[in-house]
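Chain naming follows the written order as A, B, C and D, and within any one chain the residues start at number 1.
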Amino acid sequence: MVKVAIVGATGYTGLELIRILVNHPVAEVVMVTSESYKGQKISHVFPGLKGLCELELVDFDADKVADCAEVAFVCLPHGASMEKSQKLYARGMRVVDLSGDFRFKNAETYEKWYKIEHLFKNLLKEAAFGLPELFRDEIVRTRLVANPGCYATSVILALYPLVSEGIISSYPVVADCKSGVTGAGRKPSQRLHYPECNESFMAYSVSGHRHNPEMEEVLLRATGIETQILFIPHLIPMNRGILSTLYVNIDSGLRWEDIYEVYAKYYENEPFVRLYSEGELPTTKDVRGTNYCDIGWVVREDRKKLVVVSAIDNLVKGASGQAVQNMNVMLEMDETAGLIGAPFWV
Amino acid sequence: MVKVAIVGATGYTGLELIRILVNHPVAEVVMVTSESYKGQKISHVFPGLKGLCELELVDFDADKVADCAEVAFVCLPHGASMEKSQKLYARGMRVVDLSGDFRFKNAETYEKWYKIEHLFKNLLKEAAFGLPELFRDEIVRTRLVANPGCYATSVILALYPLVSEGIISSYPVVADCKSGVTGAGRKPSQRLHYPECNESFMAYSVSGHRHNPEMEEVLLRATGIETQILFIPHLIPMNRGILSTLYVNIDSGLRWEDIYEVYAKYYENEPFVRLYSEGELPTTKDVRGTNYCDIGWVVREDRKKLVVVSAIDNLVKGASGQAVQNMNVMLEMDETAGLIGAPFWV
Amino acid sequence: MVKVAIVGATGYTGLELIRILVNHPVAEVVMVTSESYKGQKISHVFPGLKGLCELELVDFDADKVADCAEVAFVCLPHGASMEKSQKLYARGMRVVDLSGDFRFKNAETYEKWYKIEHLFKNLLKEAAFGLPELFRDEIVRTRLVANPGCYATSVILALYPLVSEGIISSYPVVADCKSGVTGAGRKPSQRLHYPECNESFMAYSVSGHRHNPEMEEVLLRATGIETQILFIPHLIPMNRGILSTLYVNIDSGLRWEDIYEVYAKYYENEPFVRLYSEGELPTTKDVRGTNYCDIGWVVREDRKKLVVVSAIDNLVKGASGQAVQNMNVMLEMDETAGLIGAPFWV
Amino acid sequence: MVKVAIVGATGYTGLELIRILVNHPVAEVVMVTSESYKGQKISHVFPGLKGLCELELVDFDADKVADCAEVAFVCLPHGASMEKSQKLYARGMRVVDLSGDFRFKNAETYEKWYKIEHLFKNLLKEAAFGLPELFRDEIVRTRLVANPGCYATSVILALYPLVSEGIISSYPVVADCKSGVTGAGRKPSQRLHYPECNESFMAYSVSGHRHNPEMEEVLLRATGIETQILFIPHLIPMNRGILSTLYVNIDSGLRWEDIYEVYAKYYENEPFVRLYSEGELPTTKDVRGTNYCDIGWVVREDRKKLVVVSAIDNLVKGASGQAVQNMNVMLEMDETAGLIGAPFWV
């Protein structure tokens, strides 16, 4: 068995890792850390885990983590994450960092958008961007994976083949994205207080959001092509799921099948990207609880736009599922281990 | 008192009219019709109306309607609506038709999008498009008002000043719109079955939606300028509210204040359009239960786009509230009568 | 116009008072206080109030409140409330205190359940319990009203006629009550964080809840009869509404009509209590946004139980609506002023 | 591999069976039937199943089902179910019938509550009631299992040890139960239309519900003791989960630990019943997506009541998960195969 530690186990991505790993055939969670709940059994904090995970939540101690586990998932806020990931990496562990701390090659971009000094700039080049569909080869060769942002996953997977194949006639692409509330994390706040989220819909970060430069830097790195994306996130009154509606400028004459060929070329053999048939578009329901990214599209010849819809579960393909996928790739196991399952449709 | 009949009183727009008119200082509902529930008291069908509206639901009979009321709100599905509206109009009543049947001047556009023959083409020129902010003068002169579509209201109000003042550098405008479920009506269907809507988010009518030509025809009529809109609707798992996010191509150099001036020029004295301050954007919560259309925007100089967010309650400004506003205008009463109120915020 | 101050205007009951008073024919809000938001316009904190309430939120100062208003609604947490209410009362104002601070005649019961010393015990006898259906005469004679708890309102109104008329064969009555989340207030917490409330249902305070002694003390005071209630609250994933299901022990032989007579005797002329017909039971939807308490029942002869269902909107009849009703009574105005309206049904 | 057919695969229990069986180590779905969708691939009807289940939905034909599968899950409405289950049973299959058709030993009780003639009365004695915690021995010996009702599962599991051990001092037990909307099935109706369920809470079937006699008959059969339950169901605006609050009459002097001993005696080794610690009560969230029944309780000495709270996922332990558990028992496999997993907590 592969022994796994979850650093920051009581946030939503930590909990989701436990949910996934309970059924992983090869990995086993052996340590869970938490500052706020240390000393308590995780099954006391979350009674739903009774009989499934009876570990005690402990304070983070890099030596102890490295002693008992070979893989660490670091599920901490950006800033707090980089130091702990670095320490575990320095102790020879394989680390999947779920924060934004190692996603950029360019430290300046990071510092501009996250307003924090990066303390381990030299590690940035070691870190693979954990989107296996684009960077599988880098992931397999490293011990430090920067798990992608949830919105970024949904937009990059939808755009990558289109950018690569020169389908986009001009930029920016408009990425109007909508996310369930778990994407905003587990910390209570006025905006996320039940009665204020519920029965309301809003746009946010309209002046600029951190996942926007992440999308552009990654696409550039993967394709060599400079893109421009206008990414606007919205908050949906529901728990899980991201639906991204992408408005792509195209030349006249492209048909649905032409786009299909482009996507199929890149994703035909990908276990976690599903292409929809003509006339069919994914909803967040179709991927809820799964590691899939589902993609459908309509060519609006009348407006010279290609409208692409991509759907993921922000906590699975957008976070913890993808983190497990990255672990599987790093360890050269079956990439799908622990990750195949039908959607939690209702 | 102005005596009012509601034709099709048991759908959501009919019910919302009752809710509004219960507190209207001058109008009084004297007749409610329904095919499915005829013979029952409306307070039996909807016990929440006990003591507030004790009318019996009756079958539609144009003569009887015209005998007892001077204004009729026709809340029927398109196709079914036109005949009844015509009959009431022919009997001298003032009619607000909430369907799509009289919204187009061009019958062909109607027939193409609604796939129904229009039986009263000559009435199309009599009908005013019931958006008082654009067509107040026409509304006051007619006895037949075509109440606008909900999405159309939200998009047209946000675009009208920008189109008029030449702010838009090129078309199409992308209108990514999101609506609560009451917008789809009261008839049960698989897609609107609670467990299937709940906790899911989807795009629909991506190949083309009827409100798209409505937006363009109306903007052309109001401004003389041909526009192109790419309108994509989405379904939000909540009851009420439309949030439209509009992506408008603009030239460099425009600042927030420039846009403010444009909007203020048209809406400064409008009682039901509220402009948001810099840094502030409306949410559907801010207008829930009200007749307001709230508008905010951000200039994204980095992408040469103006992002406009407009919010309405689809059942109020998007339907029944606007219908009452139209009645108020037609009757040359205080346009806001019965329509001022704070949002049902939580 | 009656000038009104709202102390603690940015919680849910404060906001709901504003929503109601915007349409009150005689009262006018002239002052709104808030510790956390002082110095800001309330329409800046809640943009949905733009154009409806443009007051600046100010710090509490008893003299200033008393200078500008004649009625104060004190919407503060218990403990914090008593001092401010006392100060305003001492300055001659009429005060409606929405907290639990003045609901008990017996200070010991208060101190036991609220775990706070009561600093104004002598005021307890001045305070009327603000349930006009039971204590209208006391309310009209006082200047200090203790607005009832939301659960207490829903249970007491359902039980009062049954207790008075000796319908209950033995105690305890089981009161299984369910409330929407606004009942828990506006302060963010883990339990009320959107993703944790949403799609979940729970019981709470099963060992004992403060509204339980309130129900029993008030029923005793109103009827002279000692009762015993086993009150268990539950949290519903929705914003508003309380549904109470009451299980009452009865003797054999009672029919639906017998119970109707009992209720009608007490509530026939009450403007805000609606009795349901045989075969009909209220839902929270039927009273949403209204000041009604709706009551229906079924006699389960097979189990020797009377099952009563009562529904209120916890923020209206359960808090701010009832507070306005109390003001109307105190000022000997039309008791229903500003409070008649159809439910916000969808 | 065990080959499995799902008869009526497009309702919620059928879909949930597919979700569970996709990860079952030994069973494999080989046939899915549907009247309404026959001829279509199930992954076309539910695109979320793409790549996971690509079977074509076929019309029911008992011979064909028996030819290709050894176990059938019959997920049809009562009445429609009995004939198909009988045919499959007659062809030698093992059958789990998820309807109410074989739950009663007494055909008259069935006919009284379901208002349908039972056509296979002789089969009633063959059918085991599929609650393995009570009837494991019967299930292992039969080929026909009547899968319990969802409410019945939740109430019986909570009461069985209390009844058996004579903890209940008098009847009736009040069972105030609350269910998510999937419990009402997939067929659209006015009451289950999204905007009408959403943000509302209601009691229903207050005059009597079919699961009430099921609870009493089964407890009698399991314990030899006549009970009386007053079961009142309520509808929660959420998809999944049943929370039952049970009010049990007890004598003075019982402590939490005494009750614990009673439950532990029966459930200590049960893999799918979890007992909560003192001070802790389950919520529906804790069991969402799992096959657990979680039970907690509080002794209210002051009211001489034991308050028990039990939580299940109505689609898992309340339907499809329990059906798989029954299959596992019948086939003498590991009873937990395919059924262990952490809750879908958010």
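As a convention for this text, a contact is a pair of C-beta atoms (placed from the backbone, for glycine too) under 8 Å apart; a residue touches a chain by one contact, two chains touch by 3 or more.
Please read all numbers here as calculations on a predicted model, not as lab measurements.
**Q** Between A-C and A-D, which chain pair shares more contacting C-beta pairs?
**A** Pair with more contacting C-beta pairs, A-C versus A-D: A-D.
**Q** Counting a repeat as over half of the contact pairs in common, which of B-D, B-C or C-D repeats A-B?
**A** C-D
**Q** Taking each chain's centre as the mean position of its Cα atoms, how many Å separate chain A from chain D?
**A** Taking the average C-alpha coordinate of chain A and of chain D, the gap between them is 36 Å.
**Q** Counting in whole Å, what is the centre-to-centre distance of chain C and chain D, each centre being its mean C-alpha position?
**A** So the centre of chain C lies 39 Å away from the centre of chain D.
**Q** Between chain A and chain C, what distance separates the C-alpha centroids? Give it in angstrom.
**A** Chain centres of chain A and chain C, defined by C-alpha means, are spaced 46 Å apart.
**Q** Of all residues in chain C, which are in touch with two or more distinct other chains?
**A** 12, 180, 182, 195, 198-199, 237-240, 285, 288, 346
**Q** Determine the shape of the graph in which chains are vertices and touching pairs are edges (line, ring, star, complete, other).
**A** The chain contacts form a complete graph, every chain touching every other.
**Q** Can you tell me which positions in chain C touch chain B when the two form their complex?
**A** The touching residues are 12, 15, 18-19, 22-23, 44, 46-53, 182, 199, 239-240, 274, 276-277, 280, 282, 285-290, 294, 315, 340-346.
**Q** For the complex, give me every residue of chain B touching chain D.
**A** Residues 12, 180-182, 186-190, 192-195, 197-199, 237-239.
**Q** Provide the residue numbers of chain D that touch chain C in the complex, in ascending order.
**A** 172, 174, 176, 178, 180, 195-196, 198-203, 206-208, 228, 230, 232, 234, 236-241, 243, 245, 247, 281, 283-285, 288, 298, 300, 302-305, 307, 309, 346
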